[in-house]
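What follows is a group of structures, each given as structure tokens.
Next come two complexes built around chain A: one with chain B, the other with chain C.
Then we have the complex of A and B:
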């Protein structure tokens, strides 16, 4: 095989593997049949419509939304000051702190989930929802710190001193001249964190309790019982939601600069 | 300009952690003076400036401004302006809002802010740029915005960090004139930091030469240029032939050399600019090692028993050949007398 054929073939295969499943899911969700199958049997929107009638989906969607928004917001509340301190001051163990903050990216989620269940939830009887919230905050924190740090590093620190010499307090300088200039970084971190949290499976898998399930976990268990195309329909809807968010972010913020 | 000190630094010691950057510095500056802090990087000039601004608290000593001790007054309450080397404009605000920033914090009436910002921008020739963002301006324009931003606050002292170093030659001249004009019109006391002796000589009323965290010499540009008192200052302002003096004799490569005339006992060294060296006659002998032509003058490098000597002659005179023997003199009456030869 010559490289002239080989290269496009590899490219085609990679793109196919990456995007293919998405098209299959979309096609399957528009099926007129009773089971999840590909190619779809006939065409209908009934499974898309059914998604909105499944009660547990509504509940777990709300939980996932709250977790994604709340967890990401909490991660930013912790992450913005942390990034600021890490990028502006020579902290003792600064690099160590940076590494620890990045750990949730490196440690497999399944281990985090198991550890939280075995050593936090079971022995201390900690509320599942609270544990989920803490876990998602920790998972999103590395992204928040990374993205916000990137935009802080692009910002000269002497503008804060300039603000102080013009009469502003140190804290005032942060809110008046630092925050406005890292706003798009913070928004980018929020979107990245939201998507990460919303699609999170392995950690959440261990942290499910009666009536408390995130949407992806709920979809898994739904499929175990009911093998109909509504899961595909829901997946497709979620994928479109993510694409929409990322598209808007790119459109208005130049999101890809920060990741 | 009155004689009473307006800004004084008393036994000021500044440190970063355990590293002492400036030690026991004493300095008084009069109202309306334009002072340059001149020295190589690491001499403590920027550190001293930052402590006057309040961005660095002294380890010991005091800073007094306009009759008040401001040593412990925080930077935002000192009425000291600083034009940063990088200008430090706020990138998210327009030129107008940059200049208005401090006035808004003072909660002045909108009409007054408007008129002061307009006047400030007009004085630096940027009236038409008020709606632009800093990123859309050239370096020179950004610096003028930074200058206007500090000046509308009517500071008691305006500090400038390397105000000319980021500008090209033409803008440098323009900015120099601009700074002198602002200083004359407003009478603000100005201190600027520079490592460029030409900048200090051309702009300042008085120059403070610093080395290793201490003041080496304070004087008018003429004093510094013509009468350096230490080897370092002499070298810094272009004296190329510098010799130690011990017991009234010049300490040179081949042992002490008698000098014609007597020197005051505190003379530690003598220094000559290349053009102060007499060529063609005199008690010393040397060999021309090399020559370089620079338009109006020719500079020679001589190999002599005293060591290498740099001499300069009018280019209108005939060129001296490389390798030829030459008599020369180092006239003591022309030399700068150094009291410190460290």
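Then we have the complex of A and C:
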């Protein structure tokens, strides 16, 4: 086969396989019919509208937002100083500390969720929402450390040493010299953490109680009982949200440099 | 480099202590539970687990599917990556964007699409009936094929991206040189491209394999209780049977696999940095 035919054919098939299902979801969510079908039966926005009226979706969306924003912020509060220590100081047990904070990325989420349920929630009677928050913080921590470290390593350390020599305190040098320079790295870490946490299912699987559910978990249980296109509509809306966030991040931050 | 150790620890310890308490300790206790029986250490949980034919089936199926997804994604990945690196820079950027795009979409949404496609009244069944290849709807959902397709779609981008960077690091004139010397495309692939992109293949393969092994959503939605994989089995063991010992055994298997894969990746990364 000549490359002239080969290249477009392969790309058409592969990209179609990767992106096609997304278009089908969008089309199915615009259907006027009562059940999930493709091609859609007529055109209507009723399922898109219905998404906003389902009460459990509203609640779980709020919880997922809270976890994604709060958990990522907490992970950065822990992760930024840790990354700073790892990249600028002679840190005792540095490699061990780096491994411990990176572990949550390696261990499958479902195991973390189960372990937390069994050894933290049950024995200590810890609130489910709080446990979810802690779990999502731990989950985002490795991403925060990785992205912020990368951004710190790209910044020459002599400028803060110069600031200290010129009489600034160490903390002053950090907030006035380092922070402004790694701001876009921190923002990139925030976006990556937000998307990771928001789309996360396995960690939250065991950590769902009455009235406390993250949005993806809620979607999973909704589609078990109902076969209408509202989950398709919600999926499409969420996909557009993620794509929008990442697109803006790439546009203004050059996001892909950090990931 | 600052030398103050106390300051360094004060900065780094909160994160490390947090991860140790919220994450490391509970997981270690969970794993230890699988090696305990009546107040002493034992492997009886493991022998019990593997003596159940259902568990063995699920274990083997998880590995088989993981392996199949990895191999097929490598084959498709090479074709796609090869096509992409030969594009003009502008088109190449756009294509890479399209490959990355699905990674940003929730895997619940991505997997859900396959219900629309493979369901009883889905596109595939409609097409088959339209051209007269089958008279009644064929069941695709809740089969291994459906899980395989779902996993392949989920993880193929990781393989393509690894192979793109491997192909780009290959010397530009290696392929034309081999062609000029009379090698056919088959020889070019196995004698030139494959050895030179081995590392990218291993990196992509590890990501795809561990991803498939530890997937939950895809087997849950497309396989259901008919096609259990290790993670869905773990969930079922806990929620249906309250069997935490089996859960611990499965957790241990999954963690060992993930760690082995990660170690391999780390080793490859350091080997590459040395060169």
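List of remarks:
The rule we apply is simple: the second predicted complex is superposed on the first by the 244 of 259 C-alpha atoms of A that agree within 3 Å, B and C clash if a C-alpha of one lies under 4 Å from a C-alpha of the other, contacts with A are read in each partner's own complex, and residues count from 1 in each chain.
Rule of thumb we're sticking to: a residue touches a chain if its C-beta (ideal position, glycine included) is under 8 Å from a C-beta of that chain, and two chains touch if they have at least 3 such contacts.
Bear in mind the structure is a predicted one, so any value in this text is a computation, not a measurement.
Room for both chain B and chain C is found when the two structures are superposed via chain A, with no clash between them.
In the superposed model, A:210 lies in contact with neither chain B nor chain C.
Between chain B and chain C, the partner in contact with more residues of chain A is C.
After overlaying the two complexes on the shared chain, residue contacts for A:125 are found with neither chain B nor chain C.
In the superposition on chain A, contact of A:115 is made with chain C only, not with chain B.
Within the superposed three-chain model, A:106 lies in touch with chain C and out of touch with chain B [touch as defined at top]. Of the two partner chains placed by the overlay, only chain B lies in contact with A:156; chain C stays clear of it.
In the superposition on chain A, A:177 contacts chain B only, with no contact to chain C. Once you line the two complexes up on chain A, you'll see the smallest CA to CA distance from chain B to chain C is 8 Å. Listing the residues of chain B that touch chain A in their complex gives 53-55, 75-78, 80-82, 84, 86, 88-92, 101-102, 105-106, 146, 149-150, 153. Of all residues in chain C, only 1-5, 7-9, 11-16, 18-20, 22-27, 29-30, 76, 79-80, 82-84, 86-87, 95, 98-102, 104-110, 112-117, 119, 121-123, 153, 156-157, 160, 214, 216-217, 220-221, 231, 234-235, 238, 244, 247, 251, 254-255, 258-259, 262 touch chain A in the complex they form. Residues 155-156, 158-159, 161-169, 172, 176-177, 180-181 of chain A are the ones that touch chain B when the two sit in their complex.
Residues 3, 6-7, 10-11, 14-15, 17-19, 21-22, 24-25, 28, 35-38, 78-79, 81-82, 84-86, 88-92, 94, 97, 100-101, 103-104, 106-112, 114-116, 118-120, 134-135, 137-138, 141, 145, 157, 170, 195, 198-199, 201-202, 205-206, 216, 219-220, 223, 231-232, 235-236, 238-239, 242-243, 246, 256 of chain A touch chain C in their complex.
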